[in-house]
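So that you can tell them apart, the chains are marked A, B, C and D in the order they are listed, and the count of residues begins at 1 in each.
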Amino acid sequence: MQQPDEKVDGWEPKIIAFLCNWCSYAGADLAGVSRFQYPPNTRIIRVPCSSRISPLLILKSLQRGADGVLVSGCHPDDCHYLSGNYVARRKFAILNNLLEYLGIEKGRVHFAWVSAAEGKRFAELITEITEEVRVLGPAKELVKKQD
Amino acid sequence: MPDTSVMIRDTAKKLLDEKRVDLIIGFEKGTLPLRSTPCFVRTSQETEKLIWNASCENNLARYLRGRKEKVGIVAKGCDTRSIISLIKEKQVAREQVFIIGVPCHGMIDRRKIEAKLDGKEILEADEVTEGVILKGSGFTEIVDKAEFLHNSCSTCSYRNPVIYDALIGDKVEENRGIDEYGEVKEFEAQSADKRWHSFTNEISKCIRCYACRNACPLCYCQECFVDSSQPQWIGKTTNLSDTSIFHIVRVFHTAGRCVDCGACDRACPMGIDIRKLTKKIEKDVKELFHYQAGINLEDVPPLAAFSLDDPQQFVR
Amino acid sequence: MKEVKIAKNELVSFLDSLISEYKVFAPVKRDGFVAFQEIHSGSDALLDYVNSKKPPKEIFLPQSEVLFSYHLGGEGLGIEEPSFEDKQTVIFGIRPCDARSLVILDNIFNSQEYKDVYYTDKREKTLVIAIGCNQPSSTCFCTSVGGGPFSSDGSDLLLIDIDQEYVAQAVTDKGEKLVTKHSQFREVERRSLSLMQKVTQRAGALIRTKIETGAIAEKLAVMFDDAFWDWLHEKCLGCAVCTYLCPTCHCFDIADETLDQTGRRVRIWDTCAFPLFTLEASGVNPRPTGKERMRQRVMHKFKYFVDNHNVAACVGCGRCIKECPVNLDIRAVLNSILNR
Amino acid sequence: MKNPYIPIAMRAEKIVIETDDKNIKTFSLSFLNKAEESSFNYLPGQFAQLSVLGEGEAPFGIASSPTQPGALDFTVNEIGVLTTALHNLEEGAIIGVRGPLGNCFPIELFKGKNIAIVGGGFAFTTLRSLLKYILHQENRSKFGNVTVIYGARRPGLLLYKDEFKQWEVRPELDVYLTVDKADEGWRGKVGVVPNVIKEVAPSPEDAYAVVCGSPIMIKFTLPVLIRLRFPPQRIILSLEMKMKCGIGKCGRCNIGNKYVC
């Protein structure tokens, strides 16, 4: 991915969305089938469950040029694997705090619950996140540059 | 009261003689002032080497994993907490270890003393009741030990062993009224820019020697993510982004497991303030999930558990 | 060898004139420890210090160094070789042990048989100005491994502190040209020379550790299967502190670092202490435990290197002793070997 | 001095799958220009570093013989990052090559002598180079009798099957193929390499033995050869270790004070 050095005209945020197969991905699918419009800045990666997401995947995305990352899974109590999202929630609570503590801008990494029925909500969520990241400008902190 | 070193020797000797353990892991005199060094004792004669003083700073729990023999281990409060974490993670069987618990007054941070002496070299150090007598070429100074403890020691609230099979001497009084998260809170209060700046400034010193990882009793993954080639998570150079990710993820991996023994911080040759990161994780685990690592054998580790009403304000 | 002197209060002006011509590295205080860094003013150089945290080898053998860069997706390999900086360099204030380490490293990277282009380029463009050690540290054992607090091996110019001035010994032609060229160097009087003698004798006596390392290689020759290795490594954490901070350790890894379509093949410090050093893709590791890895480190320094280059790969700087997180002291290791 | 870290570009002309598990492929690489070819002087037993830029490089024994000009063959087992990248390449791909590296077999010593070539598994690559070199019409008369003993776990894992078919029928060559476990249609020997050596018992008279195989095969082969009265100095072993530089600098492939590269 080509990384612009600064906020320039024509720059578009790149967002990586890790969506759980059972709810959020289906939600994205529904958004598409229902023809809800949302910005095209998001690249979706389908994963079995939100708990599958390791902090490494999030950090590596930011390192290699993503301006924002979204991890989305089933609402609490709806996990296909019963408790995957509960376990993920604890993990991300710590990660989220840690990233903020280190000074990584708020608004780069997002977590959400989106069900298979929430096509509209998915479209809105992506629209919101895209706009938030657009306001922040290109990611800087963890981006790998040749030194 | 008999000398702690002597009591440790007697206990170790007895354990070996009675064949209750095959190996004692403890400390012997180091080769430098203010230094002790881990030692491995297998015969009762060798127990004479064992010592105890304020420079027994290494966390010996690090040496427990993967052993077949029965082990006696000399353990401070923090070491016993690490042992508990290891037992919970099924890395060590409780019945395999005989814990020789030693109440601890805190360990001396020799770097702090060196900084105070500003280049003057310590050639001899003696611990006495009043403090530590430091001798060097052309100077003799006595310093107050309490002033030069490791940060993790001066805020420690588990100076007494949490579990043990034998206790050496009497329990010591625990620290009271100390805000162990003072430094973390101070850091939290700074602006994001400033925090990122000081984080990267620290990390830029990293030479990727992995002393922090290797000194940590809980960093025992068969294959550390930094060593994986398929996928290769991060590059191998000291590129700032790569080293930052190494430290972020390593610290994250200690969540609910780190007992703030300070081993990583002490091992770092470049003086990176690693504890500022581990302590934050420890604080969050306590605040979010009401869990403290290594204080009993019962509580389920926080990342292996959940509660229906865990905080989720950060989730959209 | 030409001997001259330079007054201490003229050192800064000497350094300033060097800076106008050379890229000058000198010890500076950074983050609480001493490091060799490029200085832009003579007064930035730290004169009162024991030694740097990291050895100056990194100036010649950086922790990571680009061998070449490449561009993917085009015709052929798209390789571009790096260009080398033209500027001549001076390292000022290096200790004699570290200067000597360069001579040892030359065996690997700058010998009759092989000249490593990356190393040799920097080595040949660099002038080494060492300052002798009036106050060796308690961890110094240079005299046990063939060096000394005033050894001139590897230096072009050696400065010896005699209170108000330095006696400057021009060790090489390069050094001699330098003292001839710069007016701060003046004729040295007999009084200064006798003072110098006193200083060097006194410092020599300050080095307490004396190990007869002459017999080490011979001892090690029959120790490969010795039970000694079974316990020696026991407390070792397997980290890279001793090797990365060693002025003579030079083992490296080679890796590709790609970003987008361009990348670089880099040479990176590596260490025999890591299992990954010898782990093969099949999962087989010929040095599977700390025992084999520790043995390799000791053998490489004090046996194999001696066999191949007639000198031990150790200059007695004591960094590994000071910095080892578990106080595994190489002097004790050597003594145990000698006592076997 | 030429910078030994810079690879030359070569084209993968032909990629052949060698084994039935498809894990081993032989890459025939052609030089892109004459100058590079003429400066690549090698002898059997040497190796080269193959690069897939972006993935890295790794050392492989040269499986072709200098008697076949124009190309270099490498037989590669898919096991790690680089070998996987190589296996993913298609014919026509450009591969980086630097070499030749390492030492060759002591071919001068072999002249006028009988030779027993012993190989196991996929460690027949440099032995193939040696065998082809010896069998070349200009060289054949310089060497005595040649015995080849080559084994694999099962028939499907034997390399260079077509060439072995030709070698087996050559009158001046004794070829013994063996597998640990035979399948239907296997007509060769069954048993591990050391046992077959015992059975075949090549004469140590005026002979050299050249052995290349896994450490475990070497471990059990050596005593058998010694028992057959091969003097140790006439048993040539080909060793491999993990390498990075290939030129004796990076410090990992040593066994004692000798670098394997």
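Structure notes:
FYI, a residue touches a chain if its C-beta (ideal position, glycine included) is under 8 Å from a C-beta of that chain, and two chains touch if they have at least 3 such contacts.
Note that the structure is a prediction, hence the values are computed from the model and not measured.
A count of contacting C-beta pairs for A-C and for A-B identifies A-B as the more extensively joined pair. Distance from the chain A centre to the chain C centre is 48 Å, each centre being the mean of its Cα atoms. Centre-to-centre, using mean CA coordinates, chain A is 36 Å away from chain B. As a whole-number value, the distance joining the C-alpha centres of chain B and chain C reads 32 Å.
One finds 40 Å separating the Cα centroids of chain C and chain D.
Annotation for chain D: residues touching 2 or more other chains are 80-81. For chain A, the set of residues touching two or more other chains reads 144-146. Looking at chain B, residues 235, 239 sit in touch with two or more other chains. Pairwise chain contacts in this structure: A-B, A-C, B-C, B-D, C-D.
Put simply, chain A touches chain B in their complex at residues 55-56, 59-60, 63, 76-77, 83, 86-87, 89-106, 110-113, 125, 141-147.
Within the complex formed with chain C, the residues of chain D that make contact are 1, 3, 5-7, 9, 32, 51, 53-58, 79-83, 94, 96, 215, 241-242, 244-245, 247-252, 254, 256-257.
Of all residues in chain A, those touching chain C in their complex are 1-3, 144-146. On the side of chain C, the complex with chain B involves touching residues 31-33, 48-50, 53-54, 63-64, 135, 137-139, 231, 234-235, 237-241, 244-245, 253, 255, 257, 266, 268, 271, 274-276, 321-323, 325-329, 331-332. Within the complex formed with chain D, the residues of chain B that make contact are 229-230, 232.
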